[in-house]
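Note that the chains are named A, B, C, D, E and F in the order they appear, and that numbering of residues resets to 1 at the start of each chain.
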């Protein structure tokens, strides 16, 4: 689409999503380009998670289209997924593997193997020194969340989709996370995020999209 | 081309299919009643007594149609499953779902009547013969489909999962069938074989055919009626359903 | 042939009527059950209609 | 592709190694099932020799079916399956990797142990040899077929037992040829034909099932 | 106390009823296992009649063991077990209620179906009668004993299969007396003694196991 | 201890808790009486959840004692538990039961059966109108949390132990929850709570206990 290879666009047109027989999102069209952040707002149950999972390709939209660089994202699934990082309510950690192993397997499967020293370094910098080679099932809720979020520090994906990343984190961790998101956006990444907490994560204003406003 | 496609999709929409299914069901019920009445009359009063098996052979008039029906229904379900997976049409998945209980019912009837036949003829309710065993497996496949479909609450997911199961099962059927040759099977003793129809009385054959068509008509009627239920259940949020029921309630 | 003779089915009464009986039971029960669930579905939709206007 | 496959195998084998008991439990289940029969049936060697291939194969079927639960459900529950679905790798390869690892963990040990158990049922050396070959060809097929069932029932509360209903009918051909091979050998007919059939089924399963399993996984994680 | 018991039974039966397929799957698993043996062993009725009681009881054992997974693990995973532990009710009563509900859901249907399957193995009417009584006395014991294993393995990744390892050895006495009762009847000795023994085991299990299970639950939820 | 039957005390003396071989809490002694709230603070992994579960009786302390009205809480387990309400990270809901059924079974097992109308009323008042008889597995994360928290509205327990109750809730729900906690404390209840979010839940100051301050 553009001459700069790190210049991406994500667009939706007339997207409709349902859960059960409830239509949650109807005719949603928006577009997002490199260097922009989107803050998704809405009450509990308004359909934020549903929308994020649909954008990531885990759910099938009822109608409408999601386009990545102008192509239907489902048709260029591998290309799209190699630029995508999704973090949902679940951490996606194996409790029997250590934090370092979790991160390294994940990186390898994304085609970007990570050496062990680098992994230790990252955990050190996000406040998990001393917990790197403990099976993650022995970590506290907040510590597990930190391990899951460590993916952001190694990711080279352009599009980050984050569903309530701040939950369970203490003040220090929230700050570190804000930092890495801000940096990603400034370096031409895209972020789509939901959170009920009152935090900022970009230097300029983020786009805001509110869904289901009439509800609850 | 354009208009042909249009027609296709018109009837593949549940809203238009619903009344059509109603008409088909009513029509099929009439045929069913007629055929079964004639068939039963012939089974008991026209077909002659078998020289070897006496009156007991009359079980054949339901055993055989039920066996055929149970296998044929599975193939029809496989057909709808392919359609459902390829074109993502809701109606074909609904048809698969609507056929399953009836197919299972006939598989059960086949086994039951077979058992009630085997007892006087072979002296046992059951043998682990290849043909009988494969019918049992067919029943399991039906039940597996029903259980899987019932266990998944999201019906769209249930449709797709069920379709995959049905198609995988289809592959299984011929394998089981040919395994007879390797498998140490108990042969069906001194009984009439399925293929040498020549020994069979002409009226018996006709009666069996009538009963078979009766079962076909029955299956169609039931499936249409059940698909109507399924449509209502799944589309209960739709405007046309609300209006339809509103009139009658 | 008397009626009771016919019922006896040449000594095969249990098997013949066992088979036909079960088949009849299945083929009669199925439409009846179907009708019942059809009514239940209609009632539920009618109730939804009333609640949600 | 091959690299992805190896990473996945490595990941799952590491996980199993962390939980070394996993390696033994399938095996011990197999042993217990085999051992239960003489308790229920009585100790006559003639009867036992007669039923040995059947019992052995039914034991293998049940053990491999039970082990299926470990294939995807842990990944599903903790969200790592989502992450696997979103990696830029062909899903079929990931599935194949997981099935291979699963077989290495649960199928292979069983094949190794079977001849020892066969001795307890007074099987002949020739029969034992054929049985091992049959198991070696048959158990991977069981894992491959089972993966479809495991994927279809993912996240359903009934999981464990529903999978039995779906998968056991699919296992039956393997059972028939597998037990048939041993019986044919015992009766002097030679099990060659049965073994070739098992090999053919394995090849077909290797090619076809990862696709079905991938489709089922995508559906189940909606 | 009784009220608590009834509430728990009601809760679990309601849950099972929501998922009606649960009611059938254990049953169908049982049917399939019973059906697998003739496929592996061959169809000779003489052999089959010989092994019928053993196969039937092994089938019942396996089905009831597999069903154990549903007993506590769902409650554990979603946190409602914590809540049950913290209610001001004696834990033994809660456990007993859950086991009773579990038997009603998974054990009873099996007892009802067993005679039909027995017919396929050409068992005599007398044997069938004794088998049903034996199952009626034996299967609740299986549920009670199994609950201990289910509680101990709670939350372990290996759950399903580890529980087999723990529980099957405990089941063996039930298997021996249960299959023994049928065999004794078939050989004309009468199964009375075996049945009394099964009854005695049930009584002891009823009194003792809820305590053990409660203790195991407290440990597992730490 | 006191003449008023609704007058309770919770004390710990020299409580030590460990997880794995890490000593998390050493020699902790505090006491709490009716009408007081305790806010437990600490970094991710400092041992808050461990302490709360120990207080509730789900974990066994390494040493030290927990006293309820002067008696060892483990020895009067039933009496203690009939005055206790614990809400952890997990919601403790059955996904196959509806919100109303969940609440009613829970109340019944606490020996305080609840009639159906009352249950409907409660869900109505906490913003779940229309979701009362949907199996809870169909609810969004925040909605599930709300159903779990509905226990607070029917509880007659004196001691509430709440582990991050505000997570996943939207602004309205956070407010409602603050309200019910405040009311409970004002009516002579006790609350022990953890949260990383910056919320207040008592009219006066709550006691604050910070653990593992030197960590992370």
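Methods note: a residue touches a chain if its C-beta (ideal position, glycine included) is under 8 Å from a C-beta of that chain, and two chains touch if they have at least 3 such contacts.
Quantities reported herein were computed from a predicted structural model and do not represent experimental measurements.
Chains that touch both chain C and chain E are the following: B.
The chain with its Cα centre farthest from the Cα centre of chain A is C.
In terms of their C-alpha centroids, the spacing between chain A and chain D amounts to 37 Å.
In terms of their C-alpha centroids, the spacing between chain A and chain E amounts to 46 Å.
Distance from the chain D centre to the chain F centre is 46 Å, each centre being the mean of its Cα atoms. Among the residues of chain C, none is in touch with two or more other chains. Counting only residues that touch two or more partner chains, chain B has 140, 143, 147, 151, 154, 183-184, 236.
The set of chain F residues that touch two or more partner chains comprises 89, 95-96, 135, 138.
Interface of chain E with chain D (complex): residues 19, 21-22, 25-26, 28-29, 32-33, 36-37, 39-42, 47, 50-51, 53-55, 57-58, 61-62, 66-67, 69-70, 74, 77, 157-162, 164-165, 168-169, 172, 175-176, 179, 183. Residue ranges of chain E in contact with chain F, taken from their complex: 4, 7-8, 11, 14-15, 18-19, 74-75, 78-80, 82-90, 94, 221-222.
Only residues 6, 9-12, 14-16, 18-20, 22-23, 26-27, 30-31, 34, 37-38, 41-46, 48-49 of chain C touch chain B when the two sit together in their complex.
The part of chain A that touches chain F in the complex is made up of residues 19-20, 42-49, 89, 127, 131, 134, 138-143, 145-146, 164, 167-174, 196-197, 216.
In the complex of the two chains, the chain F residues touching chain E come out as 56-60, 78-79, 81-82, 84, 86, 88-97, 101, 105-106, 108-111, 135.
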